[in-house]
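Take a look at the following structure, please.
To keep things simple, chains are lettered A, B, C, D, E and F as they appear, and every chain counts its residues starting from 1.
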Amino acid sequence: MFIGSNTDWEEARLAIIGAPMDCTTSFRPGTRFGPGRVREVSEGLEEYSPYLDRSLKDVAFYDVGDISVVFGDVDTTLARVRDVLEETVELGKIPVLIGGEHLVSLPAIEVLADRYEELKVLQFDAHADLRDEYLGQRLSHATVMRRVVERVGAENLYQFGIRSGTAEEFYFGHAKTHFHPDTILEPLRDSLTELGKDPIYVTIDIDVVDPAFAPGTGNPEPAGCTSRELMEAVHLFGCLNVVGVDIVELSPPLDHADITAILVAKLVREILLGIWPKQVAGLPQAAQKYR
Amino acid sequence: MFIGSNTDWEEARLAIIGAPMDCTTSFRPGTRFGPGRVREVSEGLEEYSPYLDRSLKDVAFYDVGDISVVFGDVDTTLARVRDVLEETVELGKIPVLIGGEHLVSLPAIEVLADRYEELKVLQFDAHADLRDEYLGQRLSHATVMRRVVERVGAENLYQFGIRSGTAEEFYFGHAKTHFHPDTILEPLRDSLTELGKDPIYVTIDIDVVDPAFAPGTGNPEPAGCTSRELMEAVHLFGCLNVVGVDIVELSPPLDHADITAILVAKLVREILLGIWPKQVAGLPQAAQKYR
Amino acid sequence: MFIGSNTDWEEARLAIIGAPMDCTTSFRPGTRFGPGRVREVSEGLEEYSPYLDRSLKDVAFYDVGDISVVFGDVDTTLARVRDVLEETVELGKIPVLIGGEHLVSLPAIEVLADRYEELKVLQFDAHADLRDEYLGQRLSHATVMRRVVERVGAENLYQFGIRSGTAEEFYFGHAKTHFHPDTILEPLRDSLTELGKDPIYVTIDIDVVDPAFAPGTGNPEPAGCTSRELMEAVHLFGCLNVVGVDIVELSPPLDHADITAILVAKLVREILLGIWPKQVAGLPQAAQKYR
Amino acid sequence: MFIGSNTDWEEARLAIIGAPMDCTTSFRPGTRFGPGRVREVSEGLEEYSPYLDRSLKDVAFYDVGDISVVFGDVDTTLARVRDVLEETVELGKIPVLIGGEHLVSLPAIEVLADRYEELKVLQFDAHADLRDEYLGQRLSHATVMRRVVERVGAENLYQFGIRSGTAEEFYFGHAKTHFHPDTILEPLRDSLTELGKDPIYVTIDIDVVDPAFAPGTGNPEPAGCTSRELMEAVHLFGCLNVVGVDIVELSPPLDHADITAILVAKLVREILLGIWPKQVAGLPQAAQKYR
Amino acid sequence: MFIGSNTDWEEARLAIIGAPMDCTTSFRPGTRFGPGRVREVSEGLEEYSPYLDRSLKDVAFYDVGDISVVFGDVDTTLARVRDVLEETVELGKIPVLIGGEHLVSLPAIEVLADRYEELKVLQFDAHADLRDEYLGQRLSHATVMRRVVERVGAENLYQFGIRSGTAEEFYFGHAKTHFHPDTILEPLRDSLTELGKDPIYVTIDIDVVDPAFAPGTGNPEPAGCTSRELMEAVHLFGCLNVVGVDIVELSPPLDHADITAILVAKLVREILLGIWPKQVAGLPQAAQKYR
Amino acid sequence: MFIGSNTDWEEARLAIIGAPMDCTTSFRPGTRFGPGRVREVSEGLEEYSPYLDRSLKDVAFYDVGDISVVFGDVDTTLARVRDVLEETVELGKIPVLIGGEHLVSLPAIEVLADRYEELKVLQFDAHADLRDEYLGQRLSHATVMRRVVERVGAENLYQFGIRSGTAEEFYFGHAKTHFHPDTILEPLRDSLTELGKDPIYVTIDIDVVDPAFAPGTGNPEPAGCTSRELMEAVHLFGCLNVVGVDIVELSPPLDHADITAILVAKLVREILLGIWPKQVAGLPQAAQKYR
């Protein structure tokens, strides 16, 4: 269980959901161990964030556990993710998904796009993931954002930190999406006003961070941002109307001394603390009952 | 390419086929890297076997390479294995399959059972693999021999070295198959006469060997046979009419210093040398042309 | 929780207790992770033992969890072990302790010697552990059996598999204890009649097994017994009146691919199944209620 | 022996002292191997620092070796550290302590506070270490700076780089100590005038550096400073009146390719070169005799 | 084969050559596995560089494979490197050498200095490598740039990022070569005009990068540049008249999760794309035929 | 220093000599770390052998340290080994060489063959090492015993445990040397009478042992003997007139948890104890002075 999780599903307003899907990974599998490892290392974290001066004690979230994956069956697995997300969203809770491979973002975004017509998607990633198909498959970690584009429209996709892809992906990105190669912090800051209070889904592929800071991922891509920059980006989420988040592609078997898993766990903590509604946080009495 | 492979597919009578299927593995994936690693370490082997006093130079075999796997799709992957096997067998060549997970044995055995009515299957394995279903799936590494039983009949399945399973599997085995728990060498020797010249398919799950000798596998089971015992068993294949072989469940990421991969490679060499027809081997002139 | 553990402490007659003590280890610490890792890998085991044709479903045992260790304080930690053992034994339950370093055996044996005047101790170990002091300390993994001798008398200590120690330890052993260097199975068989129905405490230091089969331990000693021999020895416990067991010195950080942890978990399963009273096991109706 | 160590204790004015204490570590032990590994990798360093244009040949320091630790006994171990430090300080030598866990700083600071009434302590650390107790213990790596505060007064503690702790620790820090969360270099530069020529004890917990640069530590905390920033901070020590230094919490078993150990060794070199009195260094003839 | 390599040696204008020399390494060997590992991980790269908006499809290069090394014989090995380089250069092709230890640069630079009288050498390295001899040998990875100085003159050697060496090396560097300690990007930019269109040989020791980004090397040196800075430096090569390049000292056994190997592979891609003559690249029709 | 080493070279009658030669290794280097690692792990051994009931305290041996190796220069390195051996043998001391690659045996055997006309060589090895040349070199770990045959005559070479080689090597062995493939213990026992009191040089390639027991070597060969069998073989050396011993091909980087290094260290201990002249050992007074 993620550190500080509430024990009461009813009262929780944020829901941590593990999605250890690892089906379309063709090289170096391991993301299936992601959610479990994040929970384990979360034990070593403090509940208090000095950055936000807020504690998990004041946030009513519930760690739902893992969605059961059928390893040989992509369609069934995606359907299960969709089911869980639908139920969560219908109950008015904000899902915080921990992957698993990037493909888990697709059903999550579909569910939220069903609910919020004007949904915008923010993607932090080293790779564009805009291919139309990959190794003959249309559903893959390398095509996931193309499928997202088909669902929410390219004009509602904001991509940050992209530094690898085919020429076609880059030309597509530059032409159609809000495409910010290489850097994350400045373009995010510049987008805040435009994003305003629209409903936002955030998907973070941990490989957006440089492999020095996040070696535990399947396709490490040199020359990325620092973990500190991503942390600062996450701290800006409090300015937005975030209705769903995922953080994907952590692969514990490729990690060293858990430094990537700890980074993901800390980002999850900052996300939970950051997107927790201020008015609630400002009312200690109200918050009290969630402790 | 496996050491000593012929360059001519036409003339080859034995075919090495990699089947890096790793789809239904729910814990600790890695068998997808098996065939590749076996080829790499085969470079360090001698072509000559002092046990059989025979060299790969005298054996016309061809390393076909790997069957392309669709990681999220068990059915498609099994169909591909079946296709390649059918073509191989139709051309009169004996397939030597390198896994991959144990489920790859199923299409291979089906293809050979189609061709040889009276096919018998010899299984060397720590686990019975006789469950009817596993985690809700009927096609799994844990159910594969039950599917085989349904195809060839329990009376044609010979199981050696089994030391783990449910009570149901053991009761089923004792009642219906030729079931030899714990040991491999004596019961194999005792079965030779009975097996006679019937067509034989051999499937070797490398976990039949004790984890001390073969740590590189997903479900290591203590108290197994030694690598030397399995080598001796393999040397008996020359007495049988072997029409197909597989060796599965090597998981290189779990191996140490390649000792399991080297063992598998050496077993493959001994299998190639052992099942190569004596009359051909006895005719150096004939063999010469395959060099 | 160890696989198959009952959920009802009251009805349990066997108690698994983790003692992750790792205080006096001067080189290569790690036994503190032993009990936890054994529980984790136990998930991969079957509940059914084909050796004993019995299942954990028929055994009423309860996994108590770990005793909390104070890492800088040997005395307090040993006192806690003693407390938990006393309560367990008073309730008529048989403790099965998982270490931790070998020193945890001392309070366990003291508690059982208090209860059973004629207690005999069986030690399976590569090392004699008979020093009077070690690095100036009288309480250490290297002195533990000397302390045991002081409590139960040298004539009640049976040592098997010893293959390393000082000359003094070997002379002491040969002169005073039932001392069986190097081998375990034959001398155990020869001792069965003599041991009869006396109350027996068994302590297994996993390093009695050869490092090939059990690399995950702090002081691996070459030329030990095989895991199969130790398994056979454990299967003889059913003939004895075992009132307490421990298995110690597993060090997961030194293990490879969990082969030592899996071996320990399997030995624990066989111990639970083996020492479970036959009359109870023979009464399916009675056993039924513990399922 | 640390590279370039003098062979004459009498003439040495700086003393390297290993304190491999690893007693209160409840998770992932390993700091006990810190001093030894630092010495080993120091062999690969040059004696010359291009940053300071000075060589260890001109610095009279002596590597005393390790203080013997009693692993099960915190009090005895701390007393031994205190003894060695007292003797060192009485002889007018500056101690450079290599840990070991952070708790070793306590006796060192106590000894120096006895000698220098107005002692100030500079702490570089990811964690505040200001808890009053931790897991029921008042002496722990998590409480060490609270004990220091009790000895030297909160107003004499300067904390740099702190980025993790409980709310209580952060409120305490902000209210009472010179508390500089997150960054190290700017606040250190700003403090130089204030620190003036007062006697300074510096304690560096290597986890102040980001895990990318220093993975080999027990509690890696993402979003830290770079190794280059810490190196620059160390280069400022030459402006201060440093009377004692420690560098702690290196855990070699968690390191990769020794990069953390090499960083610590290089920091020790720069510290030795940096705090060596200028007037001595300026007198080549005098320095000559120490070569 | 490096990703995107042409199949036609005749038409290629750039030649990748592996030089797995690993002869004078006295500690932690492993660079012999460098070229092989770079090729393997290159499979995971895209052929398209978003930084340069150019693809390997438009670059006519050929991966020659590895030069065969005689491990016990430095002279023979260097002679072989020289032979291959001479043939390559005579055919008008630009060599891109992948090491192997740094000593392989020597024959390459000698060959190019024979051809281009006014050859200038750019060295990116953590170490000066300017010793006159090392452990009694004049040919060593630690002396290689001193030998280069003897061949091309100190005034033609530009050194960037140097942060370790003896005092003698630093004094020699400061006095005689274009010596830029510590940083790489600014001094390279400042040198561009001076370098103009003179023929340039670039040698990159991967340890110029900080160990956080490039742990897989024999002598990691803390406080180096980031991988992003080196990437930017490489992107400036397009402004220069580069006639030969090498990138050396990658040691895969010391790497973690291949992050250093992937960095080297990506740098090789950027080098190939960057130094490919603009006029050719600007003529898609011409380039077309190399696809 | 190996545990229990005397401090007085003059009085020593046995000399441990490290020969970390690792020059002709083309794949997976690492034997250069062999002697150092054996010394380190020897610290964990007891000085007393319960097998021989004798202690290193009673054996006057001296650990000479390592011969300095020139990594790029086979001839110089072999000449150095020869020099050290000559001096050792001239002083009447028995050399116990720790490798390093197998080629170090050659100069040792040459020196002893110069002194003892009728020298016989006992080789324990997985590989015949009888090639005439390997990769174009006549001096290699794969040709070393062929060179030995040229020096002492094939009739004086006894080979045990050989299980890999070319057909030519096996035919040569069977025809000319005392060739015992596969097993070691029985053929050694059978040879004792024939060997009588002739001067014997023993060379042990640790890969004669199965990789399960000795994974830390460059060319592990499955289906070898157990460590216990080699230990028993070593215990027979006391019956022979051993004038020199080596134990080679330990490669610590390929080892796991030091189990191979500990095995080698223990074998060295048993060799020292076993070949120590009985008459001396039988005279405690005489032995006393060597303590």
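By our rule, a residue touches a chain if its C-beta (ideal position, glycine included) is under 8 Å from a C-beta of that chain, and two chains touch if they have at least 3 such contacts.
Just so it is clear, the model here is predicted, and its values are computed rather than measured.
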item: Between subunit D and subunit E, the fewest steps along chains that touch one another; value: 1
item: Neighbouring chains shared between subunit E and subunit F, ordered by label; value: none
item: Farthest chain (mean CA position) relative to subunit B; value: D
item: Classification of the subunit B:subunit C interface as same or different, half of numbers criterion; value: different
item: Rotation in the CA alignment of subunit A with subunit F, degrees, nearest 5; value: 180
item: Which of C-D and A-E has more C-beta pairs touching across its chains; value: A-E
item: Equivalent of D-E within the choices A-D, C-D or E-F, defined by over half of its residue contact pairs recurring; value: A-D
item: Distance from the mean Cα position of subunit E to that of subunit C, given in whole angstrom; value: 58
item: Whole-Å gap separating subunit A and subunit B, where each centre is the average of the chain's CA atoms; value: 42
item: Inter-chain centre distance, subunit C versus subunit F - centres from mean C-alpha coordinates, in Å; value: 39
item: Subunit B, residues touching no fewer than two other chains; value: 210, 212-213, 256
item: Every chain pair meeting the contact rule; value: A-B, A-D, A-E, B-C, B-F, C-D, C-F, D-E, E-F
item: Complex contacts: residues of subunit C adjacent to subunit D; value: 22-26, 29-30, 32, 70-74, 77, 136-137, 139, 253
item: Footprint of subunit F on subunit B - complex, ascending; value: 44-48, 50, 53, 55, 210, 212-213, 226-228, 231, 256-259, 262-263, 266
item: Of all residues in subunit D, those that touch subunit A in their complex; value: 27, 162-167, 170, 181-182, 210-213, 215-216, 219-223, 254-256
